[in-house]
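Some structures are shown below for you to check.
In what follows, subunit A forms one complex with subunit B and a second complex with subunit C.
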Partner chain A sequence: MSDILAGGRTGPPLAYAIVNTAVRFSPLLLLALGWEFLGLTGLVSQQMLPGLGEIADAFSSMLFGGELLYNTARSISRAAAGLGGAVVVGVLLGLLMAQFRPVRLLFNPIVQIFYPMPKSALIPVVMIWLGLGDSSKILLIFLGCLLPVVVGTYNGARGVNPFLLWSAASLGASRVDVLREVVLRAAMPDILNGCRTALAFSFILMVSSEFVIATDGVGFMISSLGDGGQYPAMFAAIFFVAGIGFAADRLYAMFARRALRWREA
Partner chain B sequence: MMNMAQARPIAPNSPSQKQKLPAPRRGLHLSPHMVDVAVQVAVVAALAGIWEFGARFGALNPFLLPPLSVVLGRIWEDLIAGTVPVDLGLTLYRALLGFAIGAVIGIPAGILMARSNVVRWFLDPLVSIGFPMPKIAFLPIFILWFDIYDTSKIIMVAFSCFFPIVAATYAGCSSLDKWPIWSARSFGAGERELLWEVYLPMAMPQILTGLQVALPVGMITTIVTEMLMGGRGVGGAMIMAGRFADSVGVFAGIVQIIILGFVVVKSVEMIRRRILIWHPESRR
Partner chain C sequence: MSVTHLSASPRSRAHTASGISVRGVSHTYGARTAGGMLALDGIDLEIADGEFHCLLGPSGCGKSTLLYLIGGFIPVQAGVIATSAGPVTSPGPDRSIVFQNFALFPWKTVKDNVLYGLKKAGFNAAEREQRARHYIDMVHLTGFENAYPSQLSGGMQQRAAIARTLAVDPGILLMDEPFGALDAQTRRVMQEELRAIWRDSRKTVVFVTHDVQEAVFLADRISIMSARPGRIQHVIDVDLPKDRGEEILENREFIRLSEQIWRLVREQAVAATRGAH
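Now for the complex of A and B:
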């Protein structure tokens, strides 16, 4: 698609990039036009499909009113706390499981049992354990994100080329050294993949736990706007949350590419 | 014929030789494997024991973690009363129907994206934006459009299953090896034959991976929609139990969900092995 065009061109790169992006994302513009058309001609009621201008107005008033940023900050801080804990514990556990047989035998059945469980089913459990506050949602996000990280790390660490391990050992590296200097690095692509899944899960769990149990956060904001019938604001908040999720994934992908620069090809 | 049958075992790479080789090895490898399995079963049993007796003798708060036997007793009671099959059936029905709709739309869309420039131009930005965003946030829109009954739940599930499926299908169909396609063409295969006999089988591992990613997402979504909108199902039953501080009910739901998730995910893995029986990944 776009890279085919990019091959032969030698024009000014910036202008070209802008045109390229515009062509690439023009279907979104088409969708927006279709949206406006449906609303304006009255095929679909304004209630169901508020005009984009209305949505933009609602968005700017929420943005400058401060409620949007406050709720976003609350949500993101919970997601970050849960996800951060899951990454630290998950990478450690995955490496230990791959490296030491007793750890593997102890945790493998637990991972096998809980990995296929839909994590949102834990919402009532954390509600019973920790009530309706922040800690229950952080625990939910932590538990939900833990297993993808563990499984990614474990698979990556088990798939390390044995020649790397042997040469490190023959150069006198201790078991811990091998773990830190060889296994962790060689498993990095799989670890980063697992973390990407976990990032997506953290957003899903963040929003859905706030739908079900919360007093603030973006999910709560969306559902209370919907309950109050303020549909333009509800659409604005939903698009905003979707945009944050998208941006987080893109930033993460950029970060992962940088972190893996040392790899060949 | 006789000659060939006799010659076969001598040929270095013949299939019969490959199948025979692991047989003597298996005897040696059996015992460590058995030990592994036994230890893991023991771990599960020990966990169940800690859960049961810890809760029973007061080491764990029985409200926060009711004894396993009480939870299983509740499931048994509900099974007799008929609510367990109804809830599990509703959850499974919503999850699988939504998943199937997502697959029926997503797989052809992914194939078309790989093969038609117009479709790719139109869908590529939508998929690359839609894939990473948290789809569950759109639930209030579907509630607004389709009310709170099964329709909106199933559409929500289909919507969240669609993106992983279309992305995986597109990736699988666009990075195909040229040689099989060229040789099929040179043997006179038409476009339709090419699609069914070459493209689909070659992309099948990645399509199945997409389906395997989408199914758990669909189940997560089903449970959340049930928790939010009610209408029974395991999620609806659990959130009701949670609201009434009925912790036994919540854990009964969790046990059901764990079993349901395990069965569904394992059966999809089995189906994958069955479908890809010709593929090198199943030969181990």
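Now for the complex of A and C:
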């Protein structure tokens, strides 16, 4: 649907949109009901699957105690550092691989071997290399996010319509201009897709690395609450981080949609 | 004094029109492999300064390849291509091109597409604005400056592409079946407009087409190319009035030439079909 017809919003009225959204997310409500029902029947112990009310209580006390926000901020700063580095390096490497044969020949096999490898397998390695501080987690997130960005950029840059490159050159663009202003822009849809995958990976690696090597962060919180038997609080932290991941993805999708507005007709 | 006027624009950025000289040019695709395909074989062609020249031939005769060689998009393997600026070695704004599939930058609006080459040419902001407005107006796209290519019809996209190319004022205008994707009516209108633009700007135009009527309508001279490997079989002078409109279609000379050229092209097309079996 087009935003171009500014002001003339022809979409459904607001009430309709709200009902629509409610219907779309109704499976979540069913899931919540099933959760409560399982607890009530006693098929699963209340300890393992605490009631949603209990979880909400634990959530509010953690929220107002400040620990949840503090740990979340710690986690997100690591994820952002790793992801940010991966985007910068990944786009650069992907572009160079697409443009220059020697770079491609050097990195292609490396990318192909490491792409399917679960990056959480590197947790012990980065711990040995860099210890328990922030840098080990940032490196892990960086490595995990790098390849989706490289692959997205590479595919996008290789697939650029050659007539666009020729047009730019015949309008006076230098080789560097063509790379920056045409290849990079034309590859943007694929780059943004790669970054979206990387964003999801950054959350996964953030939490899983904090299970193993951390003294703070949401992942650390979840695992230590679990170890301490504080299941309602543990579930509260899990739901919270899931919600943040969902929100980040949504925000990103909105941003990408805006950036690619030119594709809509 | 007029000197002060001149100093207001320190250097002329307009590319002067130039003839094109093609000598002994051959081209093989996949030359480095055993199964290379000879696309052009010993092409000699002199195109005069300010001439409207059509390359006409069946699909696959190498006419686009010849155009891309003149544009400097693919390297010359054998022979020499030169303009008044010297041998062609790379693409440049003195030989700007319009492609069949328009090749507008889809992430730029019509106006930003037109501005792209003007920025490269070093015009200042005021000049860029003025020239962009002028050429957008010339192709009748005023009011669509802020539209993205995906929001325009094929004819409008092609007009935007023509404005983008004309705005950098190339001495040589290369056109690769630019109207091939348009419907018949739009095509006719665009042909008339192109002819008028060419008459007023006196550029050298090399226009690739497989449409006989289009070639006769537009060109001063027509090179008829043979089926693969491409050779220039005939060069025909088109002796028709400079001003050509709808009425030219009924001109006796136009009809005679079209029929003559059609027969020559048909021979090549038949040869091409036989060659394919």
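The rule is simple: the second predicted complex is superposed on the first by the 249 of 265 C-alpha atoms of A that agree within 3 Å, B and C clash if a C-alpha of one lies under 4 Å from a C-alpha of the other, contacts with A are read in each partner's own complex, and residues count from 1 in each chain.
FYI, contacts are C-beta pairs under 8 Å (C-beta built on N, C-alpha and C of every residue); 3 or more make two chains touch, one makes a residue touch a chain.
The model shown is predicted, which means the values in this text are computed figures rather than measured ones.
Contacts of A:Asn155 after superposition on the shared chain: neither subunit B nor subunit C is touched. In the superposition on chain A, the chain among subunit B and subunit C reaching more residues of subunit A is B. Legend: residue contacts after superposition of the two complexes on their common chain; A:Met48 is shown touching subunit B, with no touch to subunit C. In the superposition on chain A, contact is made by A:Ala169 with subunit C only, not with subunit B. Applying the stated contact rule after C-alpha superposition, one finds that A:Gly245 touches subunit B and leaves subunit C untouched. Contact with subunit B, but none with subunit C, is seen for A:Phe203 once the two complexes are overlaid on the shared chain. Legend: residue contacts after superposition of the two complexes on their common chain; A:Arg263 is shown touching subunit C, with no touch to subunit B. Of the two partner chains placed by superposition, only subunit B is touched by A:Ile113; subunit C is not. In the three-chain superposition model, subunit A touches subunit B and subunit C at no common residue. Across the complex, subunit A is touched by residues 36, 39-41, 43-44, 47, 63-64, 117, 120-126, 129, 132-141, 143-145, 216-217, 219-224, 227-228, 234-235, 238-239, 241-242, 245, 247, 250-251, 253-254, 257-258, 261-262, 264-266 of subunit B. Of all residues in subunit C, those touching subunit A in their complex are 68, 71-73, 90-93, 95-97, 99, 101, 103-108, 116-117, 120-121, 148, 150-151, 164-165, 168, 170, 174. Taken in their complex, subunit A has these residues touching subunit C: 4, 161, 163-164, 166-173, 177, 181-182, 185-186, 188, 261-265.
Of all the residues in subunit A, the ones that touch subunit B in their complex are 1, 23-28, 30-31, 48, 105-106, 108-110, 113-125, 127-129, 200, 203-204, 206-208, 211-212, 218-219, 222-223, 225-226, 231, 234-235, 238, 241-243, 245-246, 248-250.
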